[in-house]
């Protein structure tokens, strides 16, 4: 078993959370442990238990926890009194990041983007992206998609589909139209056709859009992976109608759904790209908005933010690019693990008449309802596996294992999942079954 | 002289910024150096120059750069593989922060707040605050104030007065009314009277407000310090009209404008408080929204965000609270330095027929125009002093020195400022004057 | 030929229009005559020409111009100094209207509605309807439909699909989602299915709607007639999701598309109905919003308007209800004429491989493009027939003849149309064809 | 006594209103009679009572009820089968109106406006005006004023100050800022100064305005009459800041507050003017938006409306312009009656320590509360005088007598008012007082 669930004598005082932490907290409710240390794919609680992390900070920890190379780079930087915070002043750390991003990421992919350091959260990068698109085009409407998730601040929230999140706004969410994502109406209906018709029709009620804002794989919306062909059509429609194509690669990027960018090799180039989550490589707050150089018409300071220069994140991001992306071996390994994940999930799905979702190392299984999914993730947690759900009804159990996970550990985690799925879907006790644990 | 302005042979390649960084950058334009190390009040550029920092990351570095106690705490934590990122799971670091915040900050001040870990940027804390106020009251309008500054995401930006920032939105900014701040129409007009009349008048066009959102000292808007009496009236008006009082203490809090909270001792208690900037103590991204426990009606996850648990920031914030706020000596020292700052600025103002603004260690001098102010800050930079402006016309030269600065260093920096002001205001060369530098 | 196109010596001075009338004028551009008298289906210009009116004030003159019964009732009323204007005070004329509306319209149809006298324009009735739906439900979103047309004031305009009209708003049009009307994506896709899925999906981005606002036949949007089955599904979806069903019967009502209400006999009852255009019977401004009695939760005066009691219109409306709707013979005659219209349009369509649209006496022919349609209506005008276009591209030539038109006159007008269509679609001169005019 | 209050045997059935008319009705609640005929200043109920009308359809009947000249013109027109409705086609009636408006109104005043025939309600004219201002300037914000009233449709309602009306919207009302009207903060504060400061301050939160929308005398908002000097300053501020000045002359125009336009002789010329209410002269629905010719950049049909050509109203409007405005004698007589009204109200005010409001024949007395005002209007109604209230708290009893009223009848009505005020304000019975009635 992965965890040691018995509370020790030194169990931490968790009353402080009831007393002082807002009710808005979520994950700590279904995973009521207090964690202290973390290394690679493992999280350790304060009572001696350890957990295999198939959540990875919702794809913020693609290289696992506290990767030694990143950790060393950061400690060296701090030890040397490297600048921690300098607003948007030039720093050695920023310079190194920009040069590395250019060398390792942009140039090999033939991409030419300017980098905007927004506030270090994904929602801030999205807000900057839609502001820029509105500024460039002089239009107001953003076309977002069903089940899209883009953040919690008012501009990004308007682009988010989830009713629970939207309801928190307290004001109507405007200037956005949610069009059907790829596959939304089933296989028979190509939703790009629907969008094309609405855009071409001057009486459709759809105003001329400033931008299309799309995830290639919808991380929170159910791991729906758009077909490359659909994405190319969307890109072409944006171009035809004078809208900018914004790919929100915050969850799917940094290797999670394929290459460094989730849209690599698909035959189109977004006008604007947002990145965050795993960008720092170590879970530090860091976000970027990339834009075609000719779109970079910002006035100085027109969009700013105190923490737009998180130098610690520059350091770890630079180290992560060099460590993982300078050599194709990493991407190859990720692809191989993605294959393992795909096969295992497909097997589970076939066994129970279910279906899978996703791409790369961003995959899940549709277990039919949030209730069943919750039963599964809860059973996994009891067995030492941290795993969460996704989708409109939380009906998708999603695997967001570290990209760096060893194959054997990945398989061991999937064993736990497979077991939990089997129990939840066909809860008849079969005597020949036994738990497949990983020694703590 | 504080700096060594001669470019060394090893001058860093800054073309990377032109090539890859968005035009939106600002501070690096007026301070075209690349910085590497920083300690206490000093920033060091890559060519051997050092600068005294009277900007402090716009009040994000109240305890100076890389304070040894905070730095040590952080390095110990990283070295031990402490959890870096865990979404909103319970961690030892979060628990320690909450307990310390309760012990050192809340209980001694008789305050009872719940803590919401929003995304780690100020704008996110503001967005959460106004969402909550709208949710609690079922109303939509937020009363903000002229010259207020609250952030760049769409909800917070609507509350911000600055036309340049607002213009970036690309959509109309709604659901907010900007009412005159204290003193806005001069001493003869009490703007609380004006607001009272509008609120009481059912035909004023001012809808019933969900919240008043106010800074006690307007950091970006010109260091306008509201009188405690005005703030009490505003608090009473909010209560009378069923609105929540939100104090945005992001820039003025953490000791900058008085106590830990800028409103301490003023005879009113906000319903909601936002904190960010210096909260982590070391310049790491970290923000909070505090709320009266009975207002904590969030549904789990109704407002979330990937980086809402920046554990590195928990560690340094905890260390900073223990180091600086557990003992009244720190606040006393800050008050003393605030007195020095006040006297020096008053002296400059008297000499040139100018006026001063602000409170505590958050003060400035109104030099009449942005042009003059820019001349002054530029001259200061040439002498090794980093200092910036504030106000609707950038006409206030603002001093945001570290709270921890030694008196002599503070005075030395103010000498440079005094000289620059004298030259800019009365640019006649007076032979008896000479530059007062600080040896590098 | 219907008209006498030669300008007489006494041709009116039309320069006054260039000098004083706004550029916003439209119909006078394609029909550059000045009209003086009008009777039944005929409009007479000031130069002695007469025109057969197949436009009928966009369905505002369903009983023709200056019907003698209505005219007499109005003249008697004026002669007797009947109240012309009395805001919303009770008047004999209003009382008579209400009683007649109850007796002749509501009771025979088993309908129980309260009558709200809004300002006397259709857009005002629509604004009142959506206000009420928002008030009753506490929700903000209105689901309108592609190609819908509901008015020019800001609330109604947001529900209107036409880009040219929307563009005039000068502000973003919010709180409305335009969903596909019946048949929008062709015969294979049932758009009620699409709407059902979006409403049921909590992550679709479609907020809970206050109302569905629908025309049964889209008068301006191309004479698209919704199938009764689709309307029933829409009605059921509204009910299921707590939204009110508003039928905008401003153009299709008053007998134009079937019974007095266009939805009669379709197996559902709207919660709210708007009426205007032909309601007064004589072209006088008059509009109503009908609502289920339990929805009538207005505060006194919450929605008002100076001209909400147009007593002249009450008089003519009462007379029109008694004259035309107290006996089923009128509806039967209208149905018969609708049949003539249908057959003639079908014949034209078949001949040229075109398609027809509409229902009842609200029908048109899709000639493929606005250019061709304009050629046709222009040719008709030259032959003395006033006829206009509809549709997203103005590609539908629409026939809105008076419901009271004699069959022979209807046929004569359709002869002109048939000729014009034939010439425009297949412009080869066929020697055996000759114009079928009506003696002036 | 003016009325005969005893219900006759033939009392009309008023249950129809309870059964069928919406709760939104207002005036019929405080004046529960049913009216039949009306002539000059008199309204006759169906039971034989007659009432002196000091409400005049809220200034829609400036020339009294059914003026014989207007009535004759209309009856002649109808008898001759004059066009009643023709959308926006040219008609003899429209041509005559335009020429008369040019000759009698525009040219003598040196005004050069284009005329836009909007839908025939005031709110429609306002919607067109603000649309145009937004279109011309490319800006979105309209500056309206406290206590302003501009209509019930969503665009106009956003400009209206009244909370009860605003609350009916059901959505937030956006894109408008309500600035203090002249005198709003008492005599010491010139609110033009306040507005000037906010407009000049780039951090005030007030976005660049498309238009200022102002009434010279606020009809619904309490008969607040702006000083000409204040209006000139507002006009100058609009010009300076690139905003258009829209005077909403719907209630104050057509002679009510001075000349034909309420702003005549004040030394400024609005860019856009809205007219409605008394424009037709006889209470028929009719509204106009006037604009400087260079602002007339509408596309054809960009703002339209079915009833934008109410030819009956053209006829009576033309007759009213010729009858009343072609000769200065009428304006002189109105000024004299305004003087009578002023003196009588001043006398009442002095006697009871009250204050008066208004200008011309648009005046009222502030009786301190809506409760007192209601008592007064109710007592007046019992004595046969129809009179209503205005103001944020309905605390102003307003006199909107016909402009054509005979002096003796005016005085007789004011006698009733004086008595009612005296009783309500000092309700001690004074034996020497007796009612001053007008024989029925």
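A, B, C and D are the chain letters, set down in written order, and residue numbers restart from 1 in every chain.
The rule we apply is simple: a residue touches a chain if its C-beta (ideal position, glycine included) is under 8 Å from a C-beta of that chain, and two chains touch if they have at least 3 such contacts.
Note that this is a predicted model, so its numbers are computed, not measured.
Enquirer: Relative to chain D, which chain has the most distant C-alpha mean position?
Expert: So the chain farthest away from chain D turns out to be A.
Enquirer: For the interfaces B-C and A-C, which has the higher count of C-beta pairs in contact?
Expert: Per the contact counts, A-C leads.
Enquirer: Looking at where chain C touches chain D, is over half of the residue numbers used by both copies, so same, or under half, so different?
Expert: Same, since over half the interface numbering is common to both chains.
Enquirer: What whole-number Å value describes the gap between the mean CA coordinates of chain B and chain C?
Expert: Inter-chain centre distance comes to 59 Å.
Enquirer: How many angstrom lie between the centres of chain C and chain D, each centre taken as the mean Cα position?
Expert: Chain centres of chain C and chain D, defined by C-alpha means, are spaced 31 Å apart.
Enquirer: Taking the mean of the C-alpha atoms as each chain's centre, how many Å separate chain A from chain C?
Expert: Each chain's C-alpha centroid was found; their separation is 51 Å.
Enquirer: Mind pulling the residue numbers of chain D that touch at least two other chains?
Expert: Only 140, 164, 171-172, 174-175 qualify.
Enquirer: Can you list the residues on chain B that touch chain C in the complex?
Expert: So the residues of chain B in touch with chain C come to 171-172.
Enquirer: Give the list of chain A residues in touch with chain B in this complex.
Expert: 12-14, 16-17, 19-29, 31-39, 43, 46, 55, 57-58, 60-61, 65-66, 71, 74-75, 78-92, 95, 98-99, 101-102, 113-117, 119-124, 127-128, 130-131, 133-135, 140, 151-156, 158, 164-165, 167-171, 174-175, 210, 250, 276-277, 282-285, 289, 291, 296-307, 310, 312
Enquirer: What residues of chain B sit close enough to touch chain D in their complex?
Expert: Going through chain B, the ones touching chain D are 140-141, 144-148, 160-164, 166, 172-178, 180, 184-185, 189, 193-194, 197-198, 201-208, 221-222, 391-393.
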